[in-house]
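Each structure below is given as structure tokens.
What follows is a pair of complexes built around subunit A, which joins subunit B in one and subunit C in the other.
Now for the complex of A and B:
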């Protein structure tokens, strides 16, 4: 899986490309942790190119969400694909990590 | 006897590289049989990868032989079936019952997810081999 980021006006957008599984989950945690350390605490994870997520990947997103909130910010997800949406719904985590249609929408109301 | 439309097998050390290797076998299977419904592909793939990851993460060697994993995947006319084995392994420890962790928990959702995704899960242990069989009856 590949991660990249782009700093926008009011948030940082992390793009995840590939499979978010037990191999790549620690990489996501480290990637987001570094962003937060560098001062970006409002983060959108764009999952448009994330074709797969398992419970390890979900755990990493939850860990990143907690880290962003502890730093005074927030983490949101956008552009989820059907498999990722299914995992969020089956685990009822779509209530905590509510998917936004696009990265732009994620922080548009605050 | 049920016809097998397509199958794939993987065997290797129970390390992280097995997870992507098994995922590649699943993708190859769906590439050969595109008529398997998207929902069946998606749910079965998720269950098999969760189970593979569970073995890689939690299986412990029973002796000096390294842990190995095998995954046999079969597509039948109305059923998807996976047989996952951990070789040279101790019996699984702890409960194999699914849990419902707190919302902010970062682990513990795998077993519940597997059970929600497939029709049956069975476990057997013989010698030093733990075997799980997952099956999903097609929604056709």
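Now for the complex of A and C:
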């Protein structure tokens, strides 16, 4: 899995590309931690290219969410693909990590 | 005394090591005997063969009456009787055995592998230990040409053997862990007239992040299927904790039990950035009413008699995700011919993450008379599972 980020006006966008699993989960966690410690606490994870997520991947997203909130910000997800959406629904985590259609929309109302 | 032991004595080979019975038990405990070649050992024997430039290097295990090569690099394959093996001499002492020229060595000059094919002349072996420190085999190298072997080379062989030893130790430890985890699973379901209860458990590795449990509490059948995030040793430790927590809360309804366990474990789970999905339920065998709470598991299916599988409502998220989460109790009735089928998400992953396919396969499994065999069949036809797979079925006759 590959990660990249882009700083937008009111948030930082992280693009995750590939499979979010036991191998890549710690990498995402690390990637977002560095962003947060560099001062970006409002983060959108763009999952348009994330074709698969397992429970470790979900754990990493939740870990990132907690870290962002602890730093006074928030973490949101966007462009979620069907399998990832299914995992979020099965685990009821879509109530905590609400998917937004696009990265732009994620922080558009606040 | 069997023939092979007499054989050993007839040849005036070394007497059996002291504590031979314990040694054989130690070998059995490693679980390595008669198992296929594995990369973890093969890469070390390949390295040894190249490093010393010999015809062969092997990890050899000395069983009661034969030598078994767990790993072999090169062309001197000797899976033969123990009595003729060089390594049976090596395991008599903790030291490296070096035979620079077998034809010059009293112990080996008449050995069939020296006199005949593969005509071994040079041999060096370092003992390997099983649990309890018994010498169970060797890392050894051999060649058809005699050669000198100095102290420095001996040290290299010992270092390589130490890597093999570590591989053995880690595996034995995991195997032991798996044995203990298995012992935490419930045995045969309690006999509840009118119901059939079965479960099957297939860890992806030695240790599993899945577990299931059941117990009869005050005439009610209490049951759980849970899945700790990830797989392997860390999650396996957590399964034991969750199981204990849910057993200790058997006097309250399933939703309150989950709420209590989550509250107790939230700090520990948060520290490891882990979470647990669980289906926790209770059946009243008299009425068939199932009371359950679902912590982000979301995969339990009700299969009514003669109908398709229906996925049951999930509740709040997994255990350990957020402080203050509470779970709700749901109920449904298990009528005659109905089944409740609870898989772990390893099965969904195996079925290409396809919920329709999962529902279809669960409906088939729900009427299985041999869940273990049918699940194995399903697993083998779907490919190699990368996650733990567990299925629990509760059927009303």
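Throughout what follows, the second predicted complex is superposed on the first by the 110 of 110 C-alpha atoms of A that agree within 3 Å, B and C clash if a C-alpha of one lies under 4 Å from a C-alpha of the other, contacts with A are read in each partner's own complex, and residues count from 1 in each chain.
Everything below uses one rule, namely that contacts are C-beta pairs under 8 Å (C-beta built on N, C-alpha and C of every residue); 3 or more make two chains touch, one makes a residue touch a chain.
As the structure is a prediction and not an experimental result, all values here were calculated from the model.
In the three-chain model built by superposing on subunit A, subunit B clashes with subunit C. By the touch criterion defined above, A:17 lies against neither subunit B nor subunit C after alignment on the C-alpha atoms of chain A. When both complexes are overlaid on chain A, the residue A:63 reaches subunit B and subunit C alike.
When the shared chain is aligned, no partner comes close enough to touch A:104: not subunit B, not subunit C. Judged by the touch definition given at the top, the superposed model places A:48 against neither subunit B nor subunit C. Of the two partner chains, subunit B and subunit C are each touched by A:93. When the two complexes are overlaid on their common chain A, residue A:27 makes contact with neither subunit B nor subunit C. Put simply, subunit A uses residues 22, 52, 54-56, 58-60, 62-63, 66, 83, 86, 90-93, 95-96 to touch subunit B in one complex and subunit C in the other. Touching subunit A in their complex are the following residues of subunit B: 16, 19-20, 23, 38, 42-43, 45-46, 49-50, 53, 56-57, 103-107, 109-110, 112-113, 116-117. Remark: subunit A residues 22, 29, 52, 54-56, 58-60, 62-63, 66, 83, 86, 89-93, 95-96 touch subunit C in the complex. Interface of subunit A with subunit B (complex): residues 19, 21-23, 52, 54-56, 58-60, 62-63, 66, 82-83, 86-87, 90-93, 95-96.
Residue ranges on subunit C touching subunit A, taken from their complex, read 227, 229-231, 270, 273-275, 277, 296-299, 314-318, 321-322, 345, 349, 353, 355, 387.
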